[in-house]
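Structures are listed in the sections that come next.
Below, subunit A partners subunit B and then partners subunit C, in two separate complexes.
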Partner chain A sequence: MEFALSEADAAFRSDLVGFLDRELAEGWNRSEHGLGSAVYTDFSRDFVRTLAAKGWLTPHWPKEYGGGGQGAWQHFVLGEEMWKRGEPRGPQYMNVNWVGPSLIKYGTEEQKAALLPPIARGEVFWCQGFSEPEAGTDLAALRTRAVREGEGYVLNGQKIWTSYANEADYCFLLARTGSVSDGRNGISVFLLPLSTPGVEVRRIDGFVGAHSFNELFLTDVRVPGNCLLGEENKGWDIVRRTLAYERVGAPRYARAARVLDGLADWCRAAGLLTDPGVQEQFGHARALCEAARVLVHRVIDERAKTKEPSPMAYQARAAMVQAERAVGDLALDVMGSEALVEQSPGDAQFRNSLGAGIAAGSYEVQLNLISRLILKLPKE
Partner chain B sequence: MDFEPSDTQRALLDALGTLLSRHAGTQRSRQLAVRGAYDHELESELRAAGFLDLFGDSGAGPLEATLAVERIGAELGAITPVPHLLVLPALGLPVPEGPVVLADHERSGPVRYGREARQILTAGTDRCAAAELSPDEAEPVPSAYGHPLARVVPRRAEELAPGTAGTMVRWWRVGVSAEALGMMQRAFDLTVAYTKDRTVFGRALGSLQALQHRLAELSVLLEGARWLTYEAAFRGATAESSAVAAAHTMAALHRLTRETHQITGAVGLTREHDLHLWTLRLQALRAELGGLRAHRRAVVTSRWGVAAA
Partner chain C sequence: MSEPVAFTPDQEALAGSVRRYCAAKCTEEVQRSGPGSFPWPFWRGLAELGVLSLAVPGEGGGAGEVAAVAMELGRAFAPGPLTGTVFAARTLPPACTPPVAAGERLVSWGCPPLMPWSPLAEVFVETDGERAWLARPAGAVTPEETLGNEPWGRVALERVLPLDGVREATDLAHMMLAGYLWGAGRRVLDAAVEHARTRVQFGRTLGTFQAVAHPLVNAGLGLEAAEKLVKVAARAIDHGHHQGSALASAARLSASRAAMDAAFVSHQTHGAMGYSVEGPIGHVAQRIRQLSMVPSHAHHTGEQVLAMYAEGGRE
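What follows is the complex of A and B.
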């Protein structure tokens, strides 16, 4: 056992921190701009190109696909430092964390050649077309259909809660190619250009970010056969793998811990940080952030050793939810009505924390999976 | 980073496991508890096999000593593993035979093995004080919580070097976390096994989602406590890492005590069932160093540099 980064990885972190200190304007953070807002998205478009030019957008991808061939820890350190600063890569974290790796693993040479270089250069946005009005936590119930027509497919259906669909160029979309009774065995992945006729994006007004929810309507959307990723009806395996990347791909505890530091500054200035009750709540929240960090690190260690993703990722993600909620609650408890003021240190954290246990697989699903796969509790 | 035990660590834990299977465990714990006795035999076996020297051993170190404390806790070793394996070696003090009491100057109260202990180490604001204990002055108190308890009066205290109190408290936090971790894991495993065997309303108790989620949340707390404790030991028990480990572990302990007893029902409240061997003893660990609230405040003191409240 060893709980320190290698010298090379620690040096990388130090370079990265220096770079971010220079590149990100004083006070940059998502709470000021809002997830999905025009200011935020425009900023991230330019920022990721700068990152790409330094080789820091896809450092963990193989070199032949525009990556740097670096290890899992450098990729992770990158994510940790980005989340600490409000994720200035915007939706790009999805591209580099799991859209790209899924294409690398399952794509044809033609798909890789066409789709990977623009991601590696930071030129495109992808969104994730998974959830539907009747299929969220029970994703395998999805109904969007893809019917073969000649060499291609015709897509019809509806997706919902699609973050960044308003800005994205492509959607990593799940559709049913088999029958509903096939359940998981009748689902395929489509790589859908959102400029295709028949695709309509509508905004849903939410309060977690400026523009974080969208609906995607697909009406007789005709796509060529090369939009299919992997084999027909084998999409569930791809998704399982994809979600394994996503569960710990966004180190949200890093941002929560940073917000907690900001809240401690706020409380110190307000003369509250010496209050024993306030101290206890801070100690509780900090311990949860640290527990989430160490559990995520355990998953990264597994990935760095190129093992198959294990169910430990579910514990890590559950711990992240607990940490985000604790910091969000603390913000409101200690700041009082000051936390209700838009753009206050507590405001964004509290509103984000309401979604912490919902996005990327609900908290309860993580608990189900832990019960079944780690504790081996019986179904009946 | 490497979250897997090294070959050396595996070998060490295997050897310790073998020793403990012979000289500790539930049966031995029950026998000793009748007499309220400290396990001199176990201490002597551990000493002879070199386990009390792990902290400063060139082939091992503080992390290995911490892993050993965890294992001794799991096997209900009736000794004082935290001072013996961590605190005394961290302070460069000799490890005496027999129980050693750890105390802090802010709190008094009955201590584990107080009647048998000849030495007490008290953390002051900056220095530690080492003192002898006299059995004549120890006042045993009745307790259902597994450990023999007594009120003690230290005599002829010797002040140690400046800064020693910090070292003592930090390693004590790591140690009490490790000991609790070993005990909690056993109580948890016992409860999970119970939910698989016990049938209610024609189905396994553990198939009920209302219980599954609570057990899953406990596993998340326990794993967090585990890795924070190991990491704190690896980092040499820094002020923040040790406080964070103890705060998280004690929060887990609170929850685990309630849940394991609720889920095992009435049988878990009997002396016949083994669960209480761990859960009752855990409450003594919960009380040390001011408990959960004090650990949490120590996180704030170390993280954000404010004075202790």
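What follows is the complex of A and C.
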């Protein structure tokens, strides 16, 4: 495993940091406006076009699809610096992290030609239609149906907790093409334009932003056959790969570490940083952030060398959850009542840390996977 | 202590009347009322039940009454400056208490500049934990929204009159906070247990997974212990036991921790549902975090508990 970036990747980071410091207005922070808010998504649209123009939206994609042909490390550096700053790319981090790569791996030439360039130019939003009311952690229990009709499909069902569906142009949608008893072997991926008749989006307010989630209702939604990604009933393989990217696609520790720095400044100004108890708590939280960083780096290192996701990603994600939670606890402990004021680092970190063990796969499931795949404990 | 750890029949009856009142009047709308929509009719109803005057000297309300009522209010997720009202009712000069006890004026109680409920309050009580003063704003209140959806604000205060009975009032305030936090914690844990009992994933109810069940059980243990401690503390205070104050502090800290654990576990059990503003637990968890915070004027709380052990005078 490499502990330092190559010269080229380090230069990339330094250019990127300079650009971001200039480009992101003082105090830019998504929590001010809320995930999914119009202010946030409008900002993201503009910002991502600027990134694309510099070749920094999809540097890790192959050149033929509008990428820069760079390696996994540049992709990772990009994610770290963006997440640290509250992810100004908005939903487009999903496009570049896994929607695009899934299309590249499983799409037909026609699909790639139609769908990849707009992503690389920063022109479209995608959302992820996975969870359903009865299929959360147990994603393979999903019930949204896709029934063949002529050359196409008719979709019926309901998705929930779909971030950005209100703004998105497309949904990377999972639907059942086989029977329910087929479980994960009866699921297919559909690339659904959200402008298709029969799609209805309803807003769910969340406590990380007024418009953080949506429900997606599909009623007799007719799509052509070329909306199917990969083979029918083979969607689970695509999802497994997709989720492997998603586990480390949001480097939460990077933002947590930045919040920690801000808290240290706050404590220093308040004269609290000389307290041994406070110092110990800071040390502990910082160590968890560092541990998460190193574990994520190992995953990226692996990816850069073998190009295939491995169970190491589950460990990395579990470590990120621990880091995010430790910083959340610390923020409230050291700031006292000031942490309760809305938009304070304490308030924001508390909200983030509660979601850390839920979003993108529950903490408990990561632990199960680690116990089985890394510790090799028996399943039954 | 050789006496049972329980409220008296009178205290239970009082709690019952608050429970019934809240079941009827503490609606979703009342519970979720935030800055700008204070539920005055609900608050005045509490006053009519005697809840806001429990701590007024001579009204016959002791720590047991405050705690018994607080547990119901927490469980019902009742809004309002409950702790400040208890403290003020105990310490204000007799001429000042009637509008507070009648639910006509709200109390802001704390350590400036960040004062809870200050945008709506007409009575300001400043405290540093050992002393307290009746105060008045020395300027405008700058409103601040808070994690727990309570209207707080920044304001400079001018001290008008030193207040007596700070220690007794602080004990009662601890009992109110401890009871409320216990009740709110119980509520989010009950919701999580119900969810674990009914939600099916992987062909089984969630509660059959030990990874889900054990944290729920642990949180329940914490709440059980906190409940007993609240009752022991209330009794000790009402009987003039020399460790009453220390037990009240312990009850507050214990209930704070237990409620926080319950909130966290409930979130982890509910998944994304807990993250929804309209969902059953998110708003309660946020207020639990707010109330479990030990503000600067309450920094002696832990010391008091420690001192009790240093004395070695446990029974």
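Observations on the structure shown:
The definition used in the following text is that the second predicted complex is superposed on the first by the 377 of 380 C-alpha atoms of A that agree within 3 Å, B and C clash if a C-alpha of one lies under 4 Å from a C-alpha of the other, contacts with A are read in each partner's own complex, and residues count from 1 in each chain.
Heads up, the rule we're going with is that contacts are C-beta pairs under 8 Å (C-beta built on N, C-alpha and C of every residue); 3 or more make two chains touch, one makes a residue touch a chain.
Quick caveat: nothing in here was measured; it's all calculated off a predicted structure.
On the superposed subunit A, the positions of subunit B and subunit C stay apart, so the two partners fit side by side. Of the two partner chains placed by superposition, only subunit B is touched by A:D275; subunit C is not. Which of subunit B and subunit C touches more residues of subunit A: that partner is B. Of the two partner chains, subunit B and subunit C are each touched by A:N368. Rounded to the nearest 10, the angle at the Cα centre of subunit A between the centres of subunit B and subunit C is 80 degrees.
In the superposition on chain A, no contact is made by A:Y65 with either subunit B or subunit C. Contacts of A:W126 after superposition: neither subunit B nor subunit C is touched. Shared-chain residue A:F350: touches subunit C; no touch with subunit B.
Of the two partner chains placed by the overlay, only subunit B lies in contact with A:I300; subunit C stays clear of it. Once chain A of one complex is fitted onto chain A of the other, the partner contacts of A:G283 are limited to subunit B, with no touch recorded for subunit C. Nearest C-alpha atoms belonging to subunit B and subunit C sit 5 Å apart in the superposition, given in whole angstrom. In the superposition on the C-alpha atoms of chain A, the part of subunit A touched by subunit B in one complex and by subunit C in the other spans residues 364, 367-368.
Residue ranges on subunit C touching subunit A, taken from their complex, read 110, 114, 144-148, 152, 200-202, 209, 211-212, 264, 267-268, 271-272, 274-278, 282-283, 285-286, 289-290, 293-296.
Listing the residues of subunit B that touch subunit A in their complex gives 1-6, 9, 63, 192, 195-196, 203-204, 206-207, 209, 212-213, 215-217, 219-221, 223-225, 227-228, 230-231, 234-235, 243-244, 247-248, 251, 293, 295-301, 303-304, 306-307, 309. Residue ranges on subunit A touching subunit C, taken from their complex, read 131, 134-138, 141, 160-161, 204-208, 210, 212-213, 332, 336-342, 346-347, 350, 354-355, 357-359, 362-364, 367-368.
Those residues of subunit A whose C-beta lies close enough to touch subunit B in the complex are 1-6, 73, 261, 264, 268, 273-276, 279-284, 286-288, 290-292, 294-295, 297-298, 300-302, 304, 312, 315, 318-319, 322, 364, 366-368, 370-371, 374-380.
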